[in-house]
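Letters A, B, C, D and E mark the chains as written, and numbering starts fresh at 1 in each.
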Amino acid sequence: FTNNPTGSSVTLGFNVPQTGPYADEGLDELRAYELAVEHLNGKGDGGCLNTFSSKALDGTGILGKEVKFVTGDTQTKSDAARASAKSMIEKDGAIMITGGSSSGVAVAVQGLCQEAGVIFMAGLTHSNDTTGKDKKANGFRHFFDAYMSGAALAPVLEKVLGADRKAYHLTADYTWGWTQQESIQAATEAVGWETVNNVLTPLAQTDFSSYIAPVLNSGADVLVLNHYGGNMVNSLTNAVQFGLRDKMANGKQFEIVVPLYSELMAKGAGANIQGILGSTNWSWTLQDEGTKAFVKSFGTKYGFPPSNAAQTCYAQALLYADAVQRAGSFNPCAVVEALEGDSSSLPGIDSPSNSGFVFDGLGNGPTLYRSADHQCFKDVLVMRGKENPTNEYDLLEVVEITPTAQVWYEPDHPMFAGGQLGECNPGA
Amino acid sequence: MDAIILQILNGLDKGSAYALIALGLTLIFGTLGVVNFAHGALFMIGAFCAVTLNKILTISYITIDETRTDFLGNPLKVENTYIERWFGPEIGSAIIDWSVPLAILFSIPIMVAIGFIMERGLIKHFYRRDHADQILVTFGLAIVLQEIIKYFYGANPIPTPAPEVFRGSFDFGMLLGFDPNVIIYPYWRLVYFSFSALIIGAVFAFLQFTTFGMVVRAGMADRETVGLLGINIDRRFTIMFGIAAAVAGMAGVMYAPINSPNYHMGMDFLVLSFVVVVVGGMGSLPGAVLAGFLLGILESFASMNEVKTLLPGIDQIIIYLVAIIILLTRPRGLMGRKGVMEE
Amino acid sequence: MGILEVKGVNKRFGGLQALGDVNLSVAENTVHAIIGPNGAGKSTLLNCLVGKLIPDTGSVMFDGQSVLGRAPYEINQMGISRVFQTPEIFGDLSVMENMMIPCFAKRDGSFELNAIAAIASQRDVVEKAEQMLVDMNMIDKREMHAASMSRGDKRRLEIGMCLSQEPRLLLLDEPTAGMARADTNNTIDLLKQIKDERDITIAIIEHDMHVVFSLADRITVLAQGTPLVEDAPENIRGNPKVREAYLGESA
Amino acid sequence: MNVKPDFSKNANLAQTAPAFLSVWDMHAYYGESYIVQGISFNVHEGEILALLGRNGAGKTSTLRSIARLGDPQLRHGEIWLDHQPLHKMASHQAAAVGLGLVPEDRRIIAGLTVEENIKLAQIAPPVGWSIDRIYELFPRLGERRGQEGVTLSGGEQQMLAIARALARDIKVLLLDEPYEGLAPVIVDEIEKTLMHIKEQGMTTVIVEQNAVRALELADRAVILDTGGIVFDGSAAEVLENEELRSEYLAI
Amino acid sequence: MLGLNKRDTTLLIAVAILTLFAPFILNPFPEGSAMAQFNAGYPDLMQRFVIFGIFAVGFNILFGLTGYLSFGHAAFLGVGSYSAVWMFKLLSMNVLPAIILAVIVSGMFAVVIGYISLRRSGIYFSILTLAFAQMSFALAYSVLTPITNGETGLQVYNDDPQYLMGPDSPTATNLFGLEMRSTYTLDIGHWSFDFNAGYYMCALIMLIAVYLSIRIFRSPFGLMLKAVKSNQQRMNYTGLNTRPYTLAAFVISGMYAGLAGGLMASMDPLAGAERMQWTASGEVVLMTILGGAGTLIGPILGAGFIKYFENIFSKINDTVLHQWFAFLPDGLEDFMVFIVHPFIGKGWHLTLGLLFMMVVIFLPGGLVEGGQRISAWIRRRNTDDAEKANGKTKPAE
């Protein structure tokens, strides 16, 4: 199989954005990876190795080989990301590629890894397609997806804002935006909301004033911003500037919702996020053992708490290493088998597809790597912008930890239909 | 009707941003004939002047609060700004609150100095070189400036709010007799619009009522001959560059509250500002301003739902589409002068 | 009926009547000089002949066909070549390349996609261009960058380029201005020789009376956009009106 | 025929006569090509010097070197104007101490009207003739004042170029082929003007292909050939010296 | 040879030898050594070198010869890529039809855009081409997603029709069965060299492309294009219609771009919309100028230079730095890492930006000029040495 490590070390490829608007997020991912490598090689305090439910890893690297890594720059462009991943595979002999900060990149690199015969452990990617119509046997996603965001948010939105709401969506005009909008719309309509309008905004847009100005007069009383990164920071800032949050509509306080939050975006938007609801994959404020161990290692090494992108990357690196260790081989097909698990299942979910590899102790509580589509199922957090942050990292607070059962969907759910995992490809 | 007024207002505002950026660019590109790919970077540096001033004003000393803990369980370090200590909490926080307007004053000497250094140290040697060389060197410079900012401030946007009094919006529609909440308009955008008008007016006046503009135009057409007439054209070019940098910088400072500055914002505006300048017509200041407003307003209209349902995606391409139509119908843009950058 | 017939041509620039009702007939195989004070409209008239300007009214016929409304390259392909008042050459190219371009235009017409053929294999064109350089006494400057020649040399090159097209009508706008006396004389000889050897009609604008009187078969004097007189050279010299408006006492 | 004066390095120029403009052992290059090859001459106050030679002899290059234009590059030599070291100055400084050049291709500035072209010359001190006085000398320019300078006829442009030099208060006027393209009557006019300003004490260097006219006007003549001086003496001497005339001037 | 003069033949042969032996030349450092980071001899990057070489050579036909600066050339590259991937989706994974269609479609696209844009010259032309390309990009990213698959990029899926696909046709891109990714690795001692089928196909096509470009440069057509750049007015009054000349140049260079796009898709069957963005168009402009616009070989050098930095420098991280400077005492090691750190990894843009500036400032004619200066210097040194050896110098004059 491709890049079978023959020496005393094994090389992993960390492919993250290092230039462009997501560079800081990529940097945080890279920090998490370096931490994971440290832990795998038995340095540092061991982090989540101590809390991880699988005890296969022992701090002597992977299968006794020292873990080394190469880094690359995705530039958040699918072309550049593939070029970078290819060089890791062809030049550096990387056995696994991981990272990324957008769904387009994840899908593109996942496709490449499938062709090249290496494992791809997705970083931050939230589009339904990654494990939906574009899923691949060699690819795995720990991060949650747009459907889960919707499913987690809708009940909270109903509880906090009421069931009689009219939503106006602004949606980034590309695949991720569309799937997220579709998911949120479906979930909120299911709790009784009405969708007044959905307006697609150009990706390159920096000033959203002309999209926001008509919102207040449209009959809507909630604005849903299906934006990420710089788009989200700008559209939210603009919306607050237009005073939307001080206004009343239909006799109710006007509200803004940002379905997908990230800590860095929250930082970029500053005071504008206060009181705004959204969802995240994970938060450093969680109090389970896995989270505490990870936050402690990360915080001690870098001096500030990790982002949820960092956490997903850290977990992915450990999960991969653990799978190899359990499989006893670097062969991608053996790894796939190990990550698909022994058909164990999460309690409380009655479904034939509730089957795969179940683990705990990496944050979020018990988690299932579902064998049917290589998507992780775990609790999803609904967050709110904190009113009085004590420091620049403490910007979001947990409103609700949505249990896995509530965000569960079947692999053939229409929003995920269309793709096939295919066969695992071990490469040459 | 209300929707149209709303979009005209939005367009004016967007347009004033475009016009202001294009104005600075046209001084260098349209007048001095230097293809300045670093103009976006100057705009970005302006915005970061606002960020920097805010950072300076909030320089803090640290006290330890034993009663609270940070995320690792250690005693919490609380930051207190010197400004508040020196001027008292009230005045201190007011100064910090007003950091963006204050940054205008702060930015002018910095931007002028950057403009001078850039011109004397680099651009000076490129007046007589190909446009291609100018592109390469200024693009390189833009990257370098951008990376320097990234090195110090990171890639993430940095929130830079306007003073408290300018936050929120005011109901323009009620003024015109519409229902409440129909036409609302943020205060800061009004400030931005007025500020742009002021700067544009000032630059026009300077170039119109002095011979400076004529001399620079002449120098651009034929440096050698202008030198023969005893005029030190180099110095005037340097001054022109300083003005252009200051205009770009002020545009950036004022823009910071509208969208949180990030190191990339210059590149986002770069292409657009070239389009605006060229659509306005090379060498024409009024043209650049006019084109800025025109494109701003058209862009706003294109983002209206009614238009978008008719022509999906039109808001993505409107600027370029309009640019093509204008350049095909008017050979030198809206008000371009003959012979400027036509070969 | 001359080869070139200009009838009732008017041209205004804003408030200025640059050409007012100009009629001109140039007989085939003659040298026709156009003289007149500065700003009389001589160059403007030439511009109307080659498609650079379109007259407001009037007609311009070349060999029985109207040139009005045709693009400059079409007019050139009809057989009209022009030398400009300030040299128009390909400054970035070598002298030899400058000379080859009109030869190609002559051979291939206004457009030909000979993208793969090597220049070296275009023997006929190369030889013709070389011959022309020899004729113009410039063969030693063959590889020189045209822009870095002195101005007199540029002008000689431009004349050569036009001649190499074997035009039926050659329009010369002050061809010897700035040329050294010796080269002026050479040019006069060359033009004379060409006129004798070939079927060519020449219209020449010149302020150097030596050139005008050595070459011209007929002279038109233009003043303030209208022809003052048209006559044989001998009569022009003595014409008091011309003396006053143009020649001055030193003629 | 050896009329070459002895300008060996030790010769003290000031000894020959009190010079107003003196050029001493000037060497100038276009890139690597060596064009002005050690030229030295003096011009006395109020004198008109004719600088003659065939095309490409280096006349323009000499004037450009004196005016301190970037090309050609002065690598060696000294230029003094009224005790001011021009060789240490940039062109705008040279202009400020009283040097005026009318360039050979006139260099009317595109995009500026006739009047703006003149005004431009009056921005930097010292200011010379007033605009009204200039229009008096060249009424034609007054008529055309609002027109874009580059659309003037060739002769009109020449007038504008001279006018621009006079609009500054200059001590030495360098004229590069001022008669080129001008109607004989206008040449007479300009000749008169030059005499007029000479009477007012202007020092002038004139480069001209029309050698006879230039010599009639000038007090002294310098003849250049391939970048060096082959003759330096009185104008009358050239007119008398048959050999010199035919060898270098073809007259 | 082949209708080229001696100098051009030498040049072509030199390029041929360099491309042929690129796997050796680009991998000078032994595997596993600290310097191995600088090796560029792996298939993907080698393919990129030659593909972008083709792109830049084509761009140079337009810009270098006519002086028309197109700021939207990436659109043709993108269109070429999309056409090629569609061929894979519809027919089979054979690259030949894909490349042919890529060239044809981009050529047609170029005819339309060129016909309109060439009505203007100078900066107005540049902005027109930029506007067209940006429109193509924006539409490909969003509205045209059914054709382009938007942000993710167009890929081949298992359920695509692939009408010509037999039961045992290869599922990777191939040329009549020869898979583009098949690589033969030659290990010599600590060194390892990759010989990749796709690379050699691209290299062959690049040689042909360079050969054609030389022929165009040396042809009457090329002369006309240079004349267009020099003086359009004189062209017109010499009886030449400039429009068809410029349009032909535009279309040819558009087809080169389409060819490059088709090859890119053939090496890696994914076509992303960013390929059409202005930054991509700007990149080819930079490549051409950096290498030396209007020179035959410059654009290829420029392309290699930029791609090298993008792919090699971005991958150097602090861990690698520590490895390099490990021989230094600890404090000094950290200091060196601190100094070099801003220029590598996430700072690779900074290095590139500085190099752009340095090249234009010190080598006005681009990298080619740098090469000429070096060879002139060597020649001078050699002659100096020879003279010294002969014990005589030229008499001073």
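Definition applied: contacts are C-beta pairs under 8 Å (C-beta built on N, C-alpha and C of every residue); 3 or more make two chains touch, one makes a residue touch a chain.
These figures come from a predicted structure and were not determined experimentally.
Colleague: Chains in contact with subunit C and with subunit E: which ones?
Modeller: Under the touch definition, subunit C and subunit E have no mutual neighbours whatsoever.
Colleague: Going by the touch criterion at the top, tell me which pair is linked by more C-beta contacts: A-B or B-D.
Modeller: Result: the pair with more contacts is A-B.
Colleague: Between subunit A and subunit B, what is the gap in Å from one C-alpha centre to the other?
Modeller: 35
Colleague: Averaged over CA atoms, how far is the centre of subunit B from the centre of subunit D? Could you give it in whole Å?
Modeller: Result: the chain centres lie 48 Å from each other.
Colleague: Using mean CA coordinates as chain centres, what's the subunit C-subunit D distance in Å?
Modeller: Centre-to-centre distance between subunit C and subunit D: 30 Å.
Colleague: Averaging only over C-alpha atoms, locate the centres of subunit A and subunit C and give their separation in whole Å.
Modeller: 76
Colleague: Taking each residue of subunit D in turn, which ones touch at least two of the other chains?
Modeller: Subunit D, residues with two or more chain partners: not present.
Colleague: Quick check on subunit E: which residues sit in contact with 2+ other chains?
Modeller: 138, 141-142, 349
Colleague: Following the definition at the start, I'd like every touching pair of chains, please.
Modeller: Per the contact definition above, the touching pairs are A-B, A-E, B-D, B-E, C-D, C-E.
Colleague: Spell out the part of subunit A that touches subunit B in their complex, as residue ranges.
Modeller: Per the touch definition, subunit A meets subunit B at residues 19-25, 27, 173, 197, 199-202, 204, 206-207, 209-211, 213-214, 216-217, 230, 233-234, 237-238, 240-243, 246-247, 249, 264, 267-272, 284-285, 295-296, 299-300, 305, 390-391, 393-394.
Colleague: Which bits of subunit B are touching subunit D when the two form their complex?
Modeller: So the residues of subunit B touching subunit D come out as 211, 214-215, 217-218, 221-222, 224-233, 283, 337-340.
Colleague: Give the list of subunit B residues in touch with subunit A in this complex.
Modeller: 2-3, 6-7, 9-11, 13-14, 17, 68, 70-72, 76, 150, 154-159, 161, 167-169, 181-186, 188-189, 257-260, 262, 264-265, 268-269, 299-300, 303-305, 308, 312-313, 315-316
Colleague: Can you name the residues of subunit A that touch subunit E in the complex?
Modeller: 18-19, 23, 26-27, 69-73, 77-80, 82-84, 86-88, 90-92, 102-104, 107-108, 111-112, 115, 129, 134, 173-176, 200, 202-204, 419-420, 422
Colleague: Going by the contact rule set out above, which residues of subunit C touch subunit D in the complex?
Modeller: 13-14, 16, 35-40, 42-43, 85-86, 148-153, 174, 177-185, 207, 209, 245-251
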